[in-house]
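Chain nomenclature is as follows: A, B and C, assigned in order of appearance, with residue numbering initiated at 1 for each chain independently.
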Amino acid sequence: MVSASRRLRGRGALFIFLTTLPALAIITIFTLYPIAFALWSSFSFYDLTNPEKTGFAGITNYAGALQTTGFQHSVEASVVFVIASFFLVVGLALGSALLLNEKFKGVKYLQVIVLLPWAIPFVVAGLMWRWIYDSNYGILNFALQSLGVIPSYQAWLTQPNPAMALLIVAYAWSEFPVSTLLILAGLQSVPKELYEAAVVDGARAFARFRRVTLVWLKPVLLIVFVYETLRAITVFDSIYVITKGQPADATAIISYYIYRYLFTFYDVGRASALSIIVLVVSGVLIYAYFKFLRIGSLELRAR
Amino acid sequence: MAKPKKKVAENKSETSPETKTFQDRLDQRISRRQAISRMGAAAIGIGAVAAAAAGGYYYVSTQGGQQRTTTTSSAGPIRIDFFIWQYGVQMVQDNVARYNAAHPESNVVLSSVPQETYGDDVISRFSSAVPTDILYSDVNYQILFEPAGWIAPAQDYFPEITKYKADITPGYLPGFLNKAGKMYGLSYYGDYTCYLYNSRILSQAGITAPAQTWDDVITHAQQIQQKVPSVKFPLAAFFGSYGFWQTFYNFMQGINGPNAAFFDKDLNPIFDTPGGPVFKTIRWLVDAINKYKVMTPDTVNYDDPTCANTMGAGTHAYMWEPRYDFIGTNTSPQKEAGNIKQALNPGSGYASCWMRPYNMTTSNVKRGKDAMQAQWSFQQYFGGKTDDKFNGDYANGAYRVAKRIATDLAVGFVYDPLWSDPDVVKAYNSFGDINIMKDQAQKIVLHQTDGLTKYWTKWSGGFVQGPARTTITALMLGQKPNTDNDIMNALADLAKQWNDLKASSG
Amino acid sequence: MGESERVKRGVRTRTIFLYLFAVLLALWVLFPIVWTVLTSLRIEAEVRTVPPSVTPTTINNYWLLVDFAHASKLFVTSAIYFVPTIAAEMPDALRNSTIIGAAIVAINLTAGSLAAYTFSRLKFRGRWPLFLYAIASRLLPGVAVIIPFYVIIRTFGLLDTTLAVFLIHAAYTLPFSIWVLYTYLFTVPTDIEESALVDGYSRFETLRKVVFPVIWPGLVAVAIFSFMFSYNEFFFAQLLTTTAASHTVPVVVAGIGGELTTPISLVAASGIVAMIPPVVIFVIFRRRIMSGLASGAVK
């Protein structure tokens, strides 16, 4: 009996493995080689304005990273952006998911409406928002002036703090539906018996929320946290379209900054080193998430 | 199509595993053979589908894609790859089609990317050895691409190109030449920053003639702010997008005269001299925005469409924008169509100009004589004079594409003879006054040769952000303190950065 | 006041708050979209007004996107100057994006699930490495891989093809899909599968009848996420495409928005048109998506 099943396993499994080879080949070529290139070039001299200078650079590119023009400034801006947008996105997503989990008339429509920003590519949404922020004709200016908040139309995107805030708002608008969906799915899978048991135990609404909902949502929230941090660090489209890192590099978030750095300074080696640094730091961040939320090895609850 | 291919089969009537009897197992052995043959059939099926899909994809991709051989095959037309940014693509496509029809021995294939990423894309493609034969270029690209071994001066292979020097408006000529004085290629277009005013707004404010001194500009602007409330910021200029340096130099030239520069002939910074031309220009701009509040701070973000559209909507009274945006500013359906007029730049009357050349690539050279000749023939049609069969003919031919760019797109040109062409005159007069345009064209300075080195972009940012641009922008926006001392300190800092770059680049 | 009355009042306040927040949420989401629609329905010259004007005056912008050749002759005065000709590529871009998206879904569902299955059944204890690999490719800023991607695409002769975009999107979506389904398969008890195999079911039958019903919510999640990633992806799509043959929707919209002569009303119209394929998918598959994800996709 065992040998038969092993034989069967052998035959079928081999076939299935073969059918996955094309996909694995694609992944390998398009991820391994580029990452390897990035690593290799980060340890090499590769400056397009100095084509004669090539060869192993050791850690020169890494050691000089902090001194790279604009890098520190970009890191500061990125930290602000990541933290602020993280809280805004997660807050919006959690609130919306809780709302959509309720039963009331029209919730089904609201569920589709909430997904609409996701249906719009970031560059498209960015252009929409840039028009809303326009300094001469934008409706944001009009609304603020009508409410008496400002005396006259302002050029928001020329001022560093408003530009950053408006960028975060536009980004959060596009980003929150995905996490809303994830959290909502998690909410809808909470077994009702747990709520009932909590009610029987006399827990009031907020305690029920803390003891049942949040606990059950922990794995989902972990995924949401990881995902949203990842997204905020790697955001490019929104900046490219709305601010282009302006004013005066105040909104040059790290991914956009490295892109601009490469095509202004033409130093491929340095740009690769900066990219690898971002990769490592992000990886460490994500590891910290897992440790902090005390989920050791990606356990998913078995049915 | 968002459905799993393997459909969920629930509660099918086949017996569940638990209720199998020995008899069933015997039957199963037979059905196992069936299973194996079914597996084989499935394998063949999947393989066939995969092969068909791959083949289909390959077919589709070769239809529209950029498949290319690195050698010129004797069978079939010589393929020439032409890389451009997206402007007037429809017209370019039409011109290419006409050329291909007249020259069946070659096949010019067009690829385009957005203007914003053009420089980035070209560098990426060259770095990855993606083949191109001829492309739009720029004075600041040439200085980088030639040492990198990506482009070659056309004069090295086609010395007859020097005949065109006689036709080129003197202001543009320095941009064509490399360090050895050889011409890189012919020109796609050349144009300058024009000074526009809205005659309706001016007359409403009681002003009869546009300001011709820089002090008057400020005074007029203040007057307009009082008398014409709908114009909140009378002044604006093309400081956004790729326009920062050409516009800054335009103000500098106007305020200080045509010889104002950042660097001397030996590439040493001279902008940190107290009270020097750069200081004066920054001072004027900073005051216009922050002290007198007559220029919109958003001007640092103004790109071509914003300049044309805000001016055309009557939001500003004075505008400094590329002359090729003039038509878009002053023709219907713009609200102010017909009211926008041009004048010579205030102050010295000099304006800044720029031009975009065609460059031929070393990969074209490597392909051999036939490919080079095909590329040169095409370049002459687009950038030079050709006869009616579109063969290069400087003596008796005509500027065909350069002229069409002027008549159809109202873009400028570097070749003097075109100013007298009746079609060009007619086209330009439809939105402006060609005499003023021509006058200004005699008083232009090519700003790009100032400090022209491989590392100028690293210091300035070039078409995008860099230390110098960021610093000056921050000063203009009032983000940094901008007393005279502060400006001089910022300039001293930039001078140091330049010297460091200069030292490390050898 | 009786207990039931207090409860009723509590319920009513709750309902009021629910509706209030629901309206706020709807406003927050819909406001930019509605404003964009209104902008798209105006003639370009009348878009720039203070205060902003809202009355629709024309649908020409949509006409331009649908049938550029005819519309531009009829509606646009200085056709070449005022209208970015990349707008003519909108139908092609919609086609390209949808095809690539559908193909991405197909490959993620088939190759992705099969690969996940292979990994799990081959007792591949690489959950962490797999996860890290999936994340690493998404965390590395795109700029670092521009040159290698160009080299690969050029070497295979795939410049300016939808296949190139498809391959890159596949490379970015597959690791995540495989990881999601792989961790999913851990929840499938192997004993049912084992007995099915022992009793003579072929591997494919086991897959069909035993495994897929269990991981079906994961498949739904994988399908929708990989489609949306592909449809929205901009950086690489723009990098590797240069003609209408392979331009995708985000590239065309960004191109319209970035041209020398951008008419903002046309940009707005192209943004609305860009929304259509995903919105259609959301509406059609709303219940599947919701129930699929809810029945334990993320647990």
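The definition used in the following text is that a contact is a pair of C-beta atoms (placed from the backbone, for glycine too) under 8 Å apart; a residue touches a chain by one contact, two chains touch by 3 or more.
All of these numbers come straight from a predicted model, not from anything done at the bench.
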Next on the checklist: Chains as vertices, touching pairs as edges: which of line, ring, star, complete or other describes this one?
Outcome noted: complete
Item to check | Chain whose average C-alpha position is farthest from chain C's own | outcome: B
Checklist entry - Using CA atom averages as chain centres, what separation in Å is found between chain A and chain C? => result 15
Checklist entry - chain B to chain C: how many Å between their CA centres? => result 31
Checklist entry - Which chain A residues reach two or more other chains? => result 11-12, 15, 19, 22, 136, 153, 259, 262, 268
Checklist outcome for this item: Note: chain B residues in touch with at least two other chains are 36, 39, 127, 310, 315
Checklist outcome for this item: Where chain C touches two or more other chains simultaneously, the residues are 48-50, 146-147, 198, 200, 202-204, 254, 264
Item to check | Complex contact set, residues of chain B against chain A | outcome: 36, 39, 43, 46, 50, 119-120, 123, 127, 144, 147-149, 232, 296-298, 300-301, 310, 315, 454-455, 457-458, 461-462, 464-467, 470-471, 473-474, 477, 479, 505
Checklist entry - Which residues of chain A touch chain B in their complex? => result 11-12, 15, 19, 22, 48-51, 69-70, 135-136, 152-153, 155, 157-160, 244-249, 252, 259-260, 262-266, 268
Next on the checklist: Going by the contact rule set out above, which residues of chain C touch chain B in the complex?
Outcome noted: 43-45, 48-50, 77-78, 80-82, 84-86, 88, 102, 105-106, 109-110, 113, 146-147, 150-151, 154, 157-164, 166, 192, 195-196, 198-205, 207-209, 212-213, 216, 219-220, 223-224, 227, 238-239, 242-246, 254-255, 258-264, 281, 285
Item to check | Residue ranges of chain B in contact with chain C within the complex | outcome: 1-10, 12, 17-18, 20, 25, 28-29, 31-32, 35-36, 38-39, 42, 57-58, 60-68, 83, 86-91, 110-117, 121, 124-125, 127-130, 230, 304-305, 308-310, 312-313, 315, 325, 327-328, 331-335, 408-410
Checklist entry - Which of the residues in chain C end up touching chain A in this complex? => result 15, 18-19, 21-22, 25-26, 28-30, 32-33, 35-36, 39, 47-52, 107, 111-112, 114-115, 117-118, 121-122, 127-128, 131-133, 135-149, 152, 167-168, 170-172, 174-175, 183-184, 186-187, 194, 197-198, 200, 202-204, 228, 231-235, 249-250, 253-254, 257, 264, 267-268, 270-271, 274-275, 278-279, 282-283, 286, 289-290, 293-299
